[in-house]
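Letters A, B, C, D and E name the chains as they come in the text, with residue numbers starting at 1 for each one.
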Amino acid sequence: MATGAFADRGADLELVGIQKRFPGFTAIEHLDLVIPAGSFFALLGPSGCGKTTTLRLVAGLEDPTDGRILIGGQDVTTQKAYQRPVNTVFQSYALFPHMTVLENVAFGLRRRKITDAVAKAHEALRLVELDHLAARKPVQLSGGQQQRVALARAIVNRPALLLLDEPLGALDLKLRRQMQLELKNIQEEVGLTFLHVTHDQEEAMTMADTVAVMNKGMIEQMGSPELLYELPRTAFVANFLGQSNLFTGPVVGETSTSIAVDVAGRSIVVPKARSHRHGGDVTIGVRPEKLSLHRDLPAPDSASNVLGPGRVTDVSFTGVSTQYLVAVPGLGTLVVFEQNRSAGPIEGEGDEVWVTWNVEHGFGLDDDPAAQTEKFVADTTTQSLAAQRRADLLTELEEA
Amino acid sequence: MATGAFADRGADLELVGIQKRFPGFTAIEHLDLVIPAGSFFALLGPSGCGKTTTLRLVAGLEDPTDGRILIGGQDVTTQKAYQRPVNTVFQSYALFPHMTVLENVAFGLRRRKITDAVAKAHEALRLVELDHLAARKPVQLSGGQQQRVALARAIVNRPALLLLDEPLGALDLKLRRQMQLELKNIQEEVGLTFLHVTHDQEEAMTMADTVAVMNKGMIEQMGSPELLYELPRTAFVANFLGQSNLFTGPVVGETSTSIAVDVAGRSIVVPKARSHRHGGDVTIGVRPEKLSLHRDLPAPDSASNVLGPGRVTDVSFTGVSTQYLVAVPGLGTLVVFEQNRSAGPIEGEGDEVWVTWNVEHGFGLDDDPAAQTEKFVADTTTQSLAAQRRADLLTELEEA
Amino acid sequence: STGTAAKPTAAADKSDSEKTLRWDNWALYIDVDDAGNYPTLEAFTAETGIKVEYTEAVDDNNTYYGKVKDQLALGKDIGADTVCLTDWMVGRLARFGYLQELDHANIPNLANLLPTLKDVDFDPGRALSVPWQGGFAGICWNKEKFPDGIGSVEELWSTPELKGRVGVLSEMRDTMGLIMLDAGVDISGDWGDDEFTAAIDVLKKQVSDGQVRNIKGNSYKEDLVNGDSLAAIVWSGDIVQLNAENGDKWGFVVPEKGGTIWNDNFVVPIGSAHKANAEALIDYYYDPAVAAEVAAYVNYITPVAGAKEAAMEIDPELAENQLIFPDDATLAKAKVFRTLTGAEEQTYGAQFQSILLGA
Amino acid sequence: MIPIAYTFVFSFNDSLKSNITWRGFTLDKWLNVCAVQNGAVCEAFGNSLLIGAVSTVLATTLGTMIAIALVRYRFKFRAGTSLLLFLPMATPEVVLGAGLAAQFLSLGVPKDMLTIILAHTMFCISFVVVTVKARVAGLDPALEEAGRDLYGSPAQVFARITFPLLLPGILAAALLSFALSFDDFIITNFNSGAVTTFPKYIYISASRGIPAEANVIASAVFILALVIVVTAQVSAAARAKRQARLG
Amino acid sequence: MAFAAFASTAAPPTDAPPRRRSPVALLLLLPGILYLVLFFLAPLVSLVLTSLQAPSEFGDIGQYSYAFRWENYVVVIEQYWPHILRSFGYALTATVLALLFSYPLAYFIGVTTRRWPLLQSLMLVLVIAPFFISFLLRTLAWKQILSDESFLVTSLKAVSLLAPDAHLTGTAFSVIFGLTYNFIPFMTLPLYTTLERLDLRYLEAGNDLYASPVQVFRKVTIPLSMPGIVAGTLLTFIPAAGDYINASRDFLGGADTQMIGNVIEANFLVLLNYPAAAALSIILMTVILVIVGVYVKRSGTEELL
């Protein structure tokens, strides 16, 4: 029971075979997940993939259709929200508009009849550097400040598990980066287990110990940010977490350490250790920042893959780096990032270039290349929204 | 007059000595601006700096307190909004909720009694790939789709000038990048003059021919994205447009091509051509991606600045690159970006490193270092918001 | 929607233990002094120890009936121990058995009741009701506009200057009574559908021609004051009062061909537990001196013999007023509208209402 | 506005029994409102206040409950319930009044204060539901969820979150229902029996000339309402100002 | 304030439809629904029964017994169809007039005065003010103001705007005038609540897309304030159709301006013809329901329910 007790450290969260169906729509198909105590776990995925639903299930605001939820080894599936040692920072903050900042923060403590609620609330506000605004009402705060109050309101309860639902979604880039740092610091300071939901990949990667990429109610891949980025398992992950150049073709050669894939007549080598499939048609890829551009055909080198010649079709300066689009006949367009060490772009539009990369940087996906991957995340969401609205209406009509 | 005529190409926009006062608040102090016909112009700045106000003045939705507005050489200052050959994609889209997508897009054409309104509207919808949703109401669309409808609704009128007020603000990163490309393509295709407002610096830099950074109702700097990024004139621009490492100190040496600045006992050299001030106290800077890290003290080299030794205090993997924070005693913390050419970070936390950069990459600001520059844009905004709210209330009371 | 259920039985009388009486009456129908007290009532309380709660709850026979009929049908208390209602309504209540029989032994002063009122067709022998005040319905006119006066119903119809400025009462028996009298029908006598229908046709024509615009209940007085009506069929007592308030502006006459006379009568509703107290009250007001005091104030016709003499002592001019103490000649012109049967009440009422409703 | 001014002006009329012609200025009527006719005006006014208050409390309670259920829960006969709520608003008052009167009659309920209160509560419920429903719909469910998340039991969440947040809507509903009840004449007239309310008093007196005291009371209510609203607004503005200064 | 009451129509659409089923719902609903069933539905049923009663055999006036006399309906329609038509005609005219008057007023309060909250609430108070003075008193005041010898009428006659023998009281004019006046707050408040939330950015978008102010009003403002217009017209039309005070001969009406409410009253109180009164009530209600149903369907604002 949560009442009266502060968690002295985070607790494990375990989801076993979770399924969640809404009338006419299955939000989560089958979910197994273990989050070790004290870790910062990020759940990443496109809009509508079921992130919020997962959090709500953990918080007890929604009941799973099937499956079990364990916190610190204890089955809490049937516990009510207010009985679980879990707190949430809501996507919309959900600060109580009729209470002051201080009352908001003290709310949970008061409900649990913890002595010293006010002192503890002040302490939490000091942690987020907002103690001087304790007497204000939420509407009188800026978005960033509201977000910090929501955080304080959750943290003050020292829950075994803290759920964060895109708490930074509404902030602009600069403020967002600043808040990310603070959040990470707080987590390290209090040692709680954080389950952080976001659809910003950069945020997920910089903050989390472990990232899980979710798609259509399933976890596509899970692991450290580096692992996911460097070795994506599926095309979805490869494209959702950063950009990728992907090629599909049959495996035509094999050594003890690597495979060679034929892509439109060219052979591309990928280390076996970095490829999930070793035979048949495979999709392989490489990240744009791993590519180098050359004006002349580089000397053949077994440690490198070479593609070209291609033509630079677009150069765009993004500040830190420059993005080149290189059209290689038969292969399509490659994306190349070049850090702006020197001032200005090196190649111009229309230049003929060769693209090379270290064999060690390629990766091979687990996907079956025959299966289609969708292109427009947004359109899918809209369609599913529309489908769901229809379903809702039908249920309503049924009942009437 | 706009009636009946399609602009065959964009027109120049000229703002002459524009000032805008609201009761109790001056939103725009003094603004002169020329946007050449057919260009893609981005107005960038923090929240509340007057971007929307500028657009509204151009659109005729607000009257300037002082100054003149010329479109294609013609003074339109006294024309009503509906008489100006200008269209706006609103920050909030402002799609008419009671009309279908098609009716929304055809609205402007119908008002101008243009024949074939429906056919033209369909064509515009095809351009944004939404023709299949023509019969829907706006609420039935996702955010990204609404945004495209708003764009179609404006473009279909072929205005001499198209104003875009953060049209991508609500989209998630992936969709946003996708829409940026589309927008740019459309602009190139139709050849109109685009005036695009945003507070996303990356968006501004990748899309625009010319970027203007606005702050507190004034334009701080204006020019090509590369110019602004590589040679910021003020600390505000240096920090708002990407990140910068800035140092302040007196000029202690001078050659024909460069100056040497003493920063906490170390001498840093900056090319004269890249520095706005050549004497007294100056602030100089360098971009994080221009810095290199070295485990050992590099050999002295007149082409490079060297700082160190420092200690790596934080390493964060962001996918494309890794961000290092290096604390150099007496100088504070430097930010260094290293593109992830090899897998994984090169240096670890706690490592002792030297930082170098090519002298050619430094820049010197025009700012007077004595004047304080704010550190937290967000907090300033909040304060100014509060101040303004107070002012608002006072005016209200006065009037009542 | 009350069925023809068994008639309710009278409540047990508690007058011996409860010295209270609740009296519902029409507005401005009793003497009031400047402080807003009722002198005669106070005297009554002083004399008998019975506290009277006097309420001006009757604004219209129909609405009052509408308010209390359900309780009456159930034999329950209606919130009043005695109430003054007009003849025809008393007739209806009597038919339905909603009234308690009065014990004449408790009302010795009843001997002072004017002989003409002792035996009425709706209540033979006055077993259930005793008159409180009465009045004429006649014609009044604005003396400023018509110095020569308007003497008959016929003139109301035929004077062109009166077009749209004629008022009649929404009280069927008065308006129809005057019209029938004008046509030479004896309304107390034995008339039937033909006579009534003929009169209805007259009224209908005048209304549809626009000669008659205002068909009102008590609010006809405002029309006279604000000029919407320049001449009207009205009740005598009101005119005395209006003239007093607005300067002697209106003339009144009981037409040569006849006017109606009516009385409002004390009755004790079936659910009242204070009948004896009510009888004491009636007895008190049948003292000619008290009756004269009331008459001096309300200006209606008192049914108490000897009141005129008593009034002489208060104010001789008052005693001469034909509208308060009518002489035999005036009385001879005034007729009582005969009691209608239930069926007649229904059909005649419907015919009259259909004019009021403009159908 | 003109009739209000008229009413106000004539409340100073030095009238006798009826208040039709202007007879000169006096303050007497304001000073001795309750004196006339043994305080019949004041009694009617008091009845109206009492009826308004009781039926407001009843209607607001019942209506708020329904509104919450309608917005927050899904149940069978939802459409039926909505219709049942809409019907009284769509039913002319005469029909409501006559129907209820007949009902009381056949149930043998004598008409008095109670029947008026029952009648008023009935027609006020719908208006309350509509008002509060809007408020409930505008209430972010996330707030209640946040309450539950922060260890608030259902009862605590209602008492500390839901209710305070609905309060403005509930108050507006209460005010509306009081105004409707206070000003209702038609339904009252059918169901009042011998009890007189303020509008009914006026209706009854209309036939014999309304005493200036009625104008006094009406004007007083009007002025009182005006003062209350203006004070509320001004103090809200002042509060906002104070808070802005704090900010 | 009371005006918030009319927010119904402008309520933001609940993005998440209610999904929970719970016994709590029943608990919340039951008392209120029971109350309505008892004091609204049951009377309605007995009203229907009453409307089918026949006069009791040998019964006196006002005495009826239960039957199924459907002819009652035919009889009252035959007898009172002019009143029924007149009621709806007057109500419709008054509704239109009230709308014409209220829309600019509500627009002024809801949009123009947005920047001066104090002025806005003051204006609102003035609109709601009539609620606090009995509408009977206000109507009576009009009766005086419009009477034949009043300043208004005599001056109108003096400038020949009114024929010398014309009247105002007791005519259709004054009844409709009274109806309009009395129901203006009911029209203004819902209009205000929608207009107050009207997003001016839509108007700007209209301006930006070459619509002149008039066109913006027609194509954008009006459609967007439709919920308020519907709510306002219903709140005006329904009670106006059933009103019997304004048309009463004792107030502003005359014999040929009697509305169905007056007929019901006369049958109920004077003629004691309860079946006729009940039948007329049912007819009135049915017609209103049908009109409202069609209207709401056609204006596409079903959620109003």
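Observations, loosely collected:
What we mean here is this: a residue touches a chain if its C-beta (ideal position, glycine included) is under 8 Å from a C-beta of that chain, and two chains touch if they have at least 3 such contacts.
For each chain, UniProt lists the protein as follows: A, B = Spermidine/putrescine import ATP-binding protein PotA; D, E = ABC transporter permease.
Quantities reported herein were computed from a predicted structural model and do not represent experimental measurements.
The minimal number of chain-to-chain contact steps leading from chain B to chain E is 1.
The count of contacting C-beta pairs peaks for the chain pair D-E. Each chain gets one centre point, the mean of its Cα atoms, and the points for chain A and chain C are 91 Å apart. Centre-to-centre, using mean CA coordinates, chain D is 18 Å away from chain E.
Between chain A and chain B the centroid-to-centroid distance comes to 27 Å (mean Cα coordinates, whole Å). The mean-CA centres of chain A and chain E are about 56 angstrom from one another, to the nearest whole unit. Contacts with at least two other chains are made by residues 17, 19, 50, 117-118, 144, 250, 268, 274 of chain E. For chain B, residues touching at least two other chains, in rising order: 386, 396, 400. Residue positions of chain D touching 2 or more other chains: 20, 74-75, 102, 106, 206-207, 237, 247.
On chain A, the positions that touch chain B within their shared complex are 46-47, 140-142, 144-145, 171-175, 178, 199-202, 205-206, 225-226, 229-230, 240-242, 287-290, 316-321, 323, 337-344, 358, 360-361, 377-379, 381-382, 385-386, 389.
On the side of chain B, the complex with chain E involves touching residues 2-3, 59-61, 80-83, 86-88, 90, 92, 94-99, 107-108, 111-112, 153, 157, 396, 399-400.
Listed in rising order, the residues of chain D touching chain A in the complex are 74-76, 78-79, 140, 142-143, 145-154, 156-157, 160-161, 164-165, 243, 246-247. Residues of chain E that touch chain B in their complex: 115-119, 199, 201-202, 204-213, 215-216, 219-220, 223-224, 226. The part of chain D that touches chain E in the complex is made up of residues 1-4, 6-7, 10, 20, 62-63, 65-66, 68-75, 81-96, 98-103, 106, 118-119, 121-122, 125, 127, 129-131, 133-135, 137-138, 141, 168-169, 172-173, 175-176, 179, 182-183, 185-186, 190, 198-199, 202-203, 206-207, 210, 214-215, 218-219, 221-222, 224-226, 229-230, 233-234, 237.
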